[in-house]
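Below is one structure, written out as structure tokens, with a few remarks after it.
Lettered A, B and C in written order, each chain numbered from 1.
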Amino acid sequence: MEWINAIVQGVLLGGLYAMFATGLSLIFGVMRLVNIAHGDLIVLAAYLGLVVLEVTGPLNPLATLALVVPVMALIGYVLQRGIFNFTLGKDILPPLLVSFGLSIILQNSLLEIFTADSRRLTAGALEVASFPMVEGVDIGVLPLMMFLTAMGVIALLQFVFYRTAMGRAFRATSDDPEVARMMGLNNRHVFALAMALSMAVVAVAGIFLAMRTNFDPASGPARLIFGFEAVIIGGLGNLWGTLAGGVVVGVAQTVGAQINPGWQQLAGHVVFLIVLAVRPRGLFPRIL
Amino acid sequence: MTAPTPFEVSQATRTSRVAGVIAIAAVAVLAAAPLWAGRADMRLLSEIFTYLALASLWNLLAGFTGLVSVGQQAFVGFGGYMLFAIATFGGIHPLATVPIAGVLGAAVAVPVGILIFRLSGAYFAIGTWVVAEVFRLVFAQISTLGGGSGSSLPVAVVRSIASGRDLREWFTYWCALVLVIGVLALVYGLLSTRRGLALTAIRDSEVASESLGIDIWRTKFLVYIVSGGATAMIGALIFLQKLRISPDAAFSVNDWTAYVIFITVIGGIGTIEGPIIGTIVFFMLRETLADLGSIYLLILGLVAILIMLKSPRGLWGFVVERFGIELFPVRRRVQVGALQGEGKAPREPG
Amino acid sequence: MHDPILAVSGLEAFYGDFRALQGISLEVGENEIVAIIGANGAGKSTFLKCVAGLLANAPGSILFRGEAVGALSADKITARGIALVPEGRRLFSSLSVEENLVIGGQLGRAGRWSLKRIYELFPVLAQRRDLPATSLSGGQQQMVAIGRALMSNPDFIMFDEISLGLAPVVIKDIYAILPAVISEGTSALIVEQDISRALGIADRFICFQEGRVSLAGKPGEHDRAAISAAYFGM
């Protein structure tokens, strides 16, 4: 029963990892940008939630999303127009190194402002509420919400990407920015919108992260890596695959932890490397 | 593209010959440091050497081969742990374990490389980070090496390096000097060979270098392994100086990758001189700003971003553009044949 | 010829240090169809890219309806009523046929062309509207590219080697439709390597050679030898 419980918890955790991953996947799909600061931006969103709660007083952390999502989206838009747009081109070095620099800047700014103490957003009764399934297997309300939110986010992104004018602009600009320009699509603006959307997802992921575990200014890189693993395992460019990838990483971690508490992260990485070895294009590569 | 290979042009310039003479003199002065420098100065110099070596190797990967790694700490830490393991349990003289760590580092780079070379472009970078994390977590599980909290080099082993403390520090100092010279010679030598010039071609244009008949994958792979081995040697030396190792220190992304990237970017990525300039600037900044702690890193990050946006070839690139000097002229030759595609205006002076 | 719709004078274009256009001057009148011919690398596509705003050029060297458009960005140029059917079609591969067409009309110029009219002109596209654009045959893809350009309701439309890579029968069909495409009120520039094809439809032709105009005239005005000399150089 312990094992089944570990698997169930891992699946739910996978929802969180999928949320880390979709934002990463989205901007890679649109502009081939790999944002090394992605994890730190997730942590930034968590701290923003913290600040909002400090101002408003006790509130369900999810309510902070009303503010954190638009603020993060705005930050994303400005970051893209102010920095990342100038790094895009054939050379992969500038975007990587600039986002790496940004990652270091974010970590150290957060450290200066909030100290290295680990923090958490308390959700009161929500944290412990759960549905007992069978003896020894409980489904927590919060993890379940996390998973369902991940599905909702992916469904929404899928809709935006394939059914709206904005999604059409994303795809067209990513296919051929020059011709897209003739059609009135300013790629700087389009890319900034994509980054804003990615950061909106990051905001949701950040608040859930903060409700689930402790976080500190150095928590970012690990979130980046979990998200990245979910992207690769799921298959590049496949959003639902990303959810599957998140679940694989989540289950590997909880099962690993069940065997030996020290193996939690290691197990996730090892499964990632195994997938890379046997299915380098991921479990569900996008069929074009 | 069947243009005649533009490799024939001679590489030496007058400036570079002068630079050679100065370099030899500098090495002689540095080798004699025990005669003129105090213990603290020699420590600082050793540290400068190790950073210069790390930066040159990272630059070889990213600047010349286009392999951006943010996980070179994997090899630094691996080398350090190999030193501790072999010197403690193998009874081998600690200095002799440095080259062994290098060989082992290169050996472990083979399977690692095979795996992460499946990740293309930018995702490769994060893949290297995953590997470094795996190394850190694995070594944290090995209790004979101190597990998560780490261990110190046993006193007997430390004593076996040399009889007195002074002599011991001199040895490690010379070792660092030899290593940095070796690394610089390696990078310069590698880039001067036909294959090395081809590396620059890889960076400048995949299409062009493919048509030059280069097996890109193999060249990149070779460079990855060589730099992995050399980085492991430097790692061994670093922890031989520290005499204490722990997973967090050994596999620190800030210490062994962030600083190294900033040094290279500030000095000038893709130039041999860049890491040298970058290291000097880095240590000058550090001596003045070190008290600021995390603000120091923050400033470095800002400077690196600014440089990447405004002057992607760094301080050295700026110098070259302004004054047309090149100390180690290995670049630019390939560019003649490699220019291709729109908006790919030559960045280097012709 | 009064009041040309397009007047180009002394146009130069560069790729890095390479001067691809070395001072091109030409005019296209209202309702006129002009063909540009020339060997590979003569600078034909470069010229069209300059007019379309995809390549930077001196502000005053291109006048459209008497206004300088040389410095405008590509979207502003489309909004003014200039459209390009680019060489190699360059459809958006992750968009469906219909999405490709819709995106072409995104700048919202009013006029004769609408999705419905395009589908009337190219009925096969209506049947395949939801397929990925690049899954179509070459000829059908060319129709999408033409339709996408028409959707912006241009007054001036440029075709860059629309016959490239197509079977002769398909080329014939496409050229049969062109008069309907360039119907009244629209001027056109047609770039073709196939001289007889180009001369068959154009009112006038201009020959490029190494970034310069080497010959201009009406079809039938010059003999083959003169054209051939202008085309290939001596």
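Basically, contacts are C-beta pairs under 8 Å (C-beta built on N, C-alpha and C of every residue); 3 or more make two chains touch, one makes a residue touch a chain.
Keep in mind the model is a prediction, meaning the values are calculated, not measured.
K.L.:
Just to be sure I understand the contacts, which chains border both subunit C and subunit B?
P.N.:
The common neighbours are A.
K.L.:
Relative to subunit C, which chain's C-alpha centre is the most remote?
P.N.:
Of all chains, B has its centre farthest from that of subunit C.
K.L.:
Just to be sure I understand: the centre of a chain is the mean of its C-alpha atoms, right? Then which chain's centre is nearest the mean of all of them?
P.N.:
Most central by this criterion: A.
K.L.:
Taking each chain's centre as the mean position of its Cα atoms, how many Å separate subunit B from subunit C?
P.N.:
52
K.L.:
Taking the mean of the C-alpha atoms as each chain's centre, how many Å separate subunit A from subunit C?
P.N.:
That gives a centre separation of 45 Å.
K.L.:
So what's the Cα centroid distance for subunit A and subunit B, whole Å?
P.N.:
Taking the average C-alpha coordinate of subunit A and of subunit B, the gap between them is 32 Å.
K.L.:
Indicate the residues of subunit C shared as contacts by at least two other chains.
P.N.:
In subunit C, no residue touches two or more other chains.
K.L.:
Going through subunit B residue by residue, note those that touch at least 2 other chains and give them in order.
P.N.:
344
K.L.:
Which part of subunit A faces subunit B closely enough to touch in the complex?
P.N.:
Residues 28, 32-34, 36, 83, 86-87, 89-90, 92-98, 100-105, 107-109, 111-112, 221-222, 224-225, 228-229, 232, 262-263, 265-266, 269-270, 272-273, 276-277, 280.
K.L.:
Within their complex, state which residues of subunit B touch subunit A.
P.N.:
Within the complex, subunit B contacts subunit A at residues 62-63, 66, 68, 70, 115-116, 118-119, 121-123, 125-127, 129-131, 133-134, 137-138, 140-141, 148, 253-254, 258, 261-262, 265, 269, 294-295, 297-298, 300-302, 304-305, 308-309, 312, 341, 343-344.
K.L.:
Per the contact definition, I'd like the list of subunit A residues that touch subunit C in the complex.
P.N.:
165, 168-169, 171-172, 174-176, 178-186
K.L.:
List the residues on subunit C that touch subunit A in their complex, please.
P.N.:
The contact residues of subunit C facing subunit A are 52-54, 73-75, 77-79, 83-84, 86, 90, 92-95, 99, 102-104, 106-107, 148, 152.
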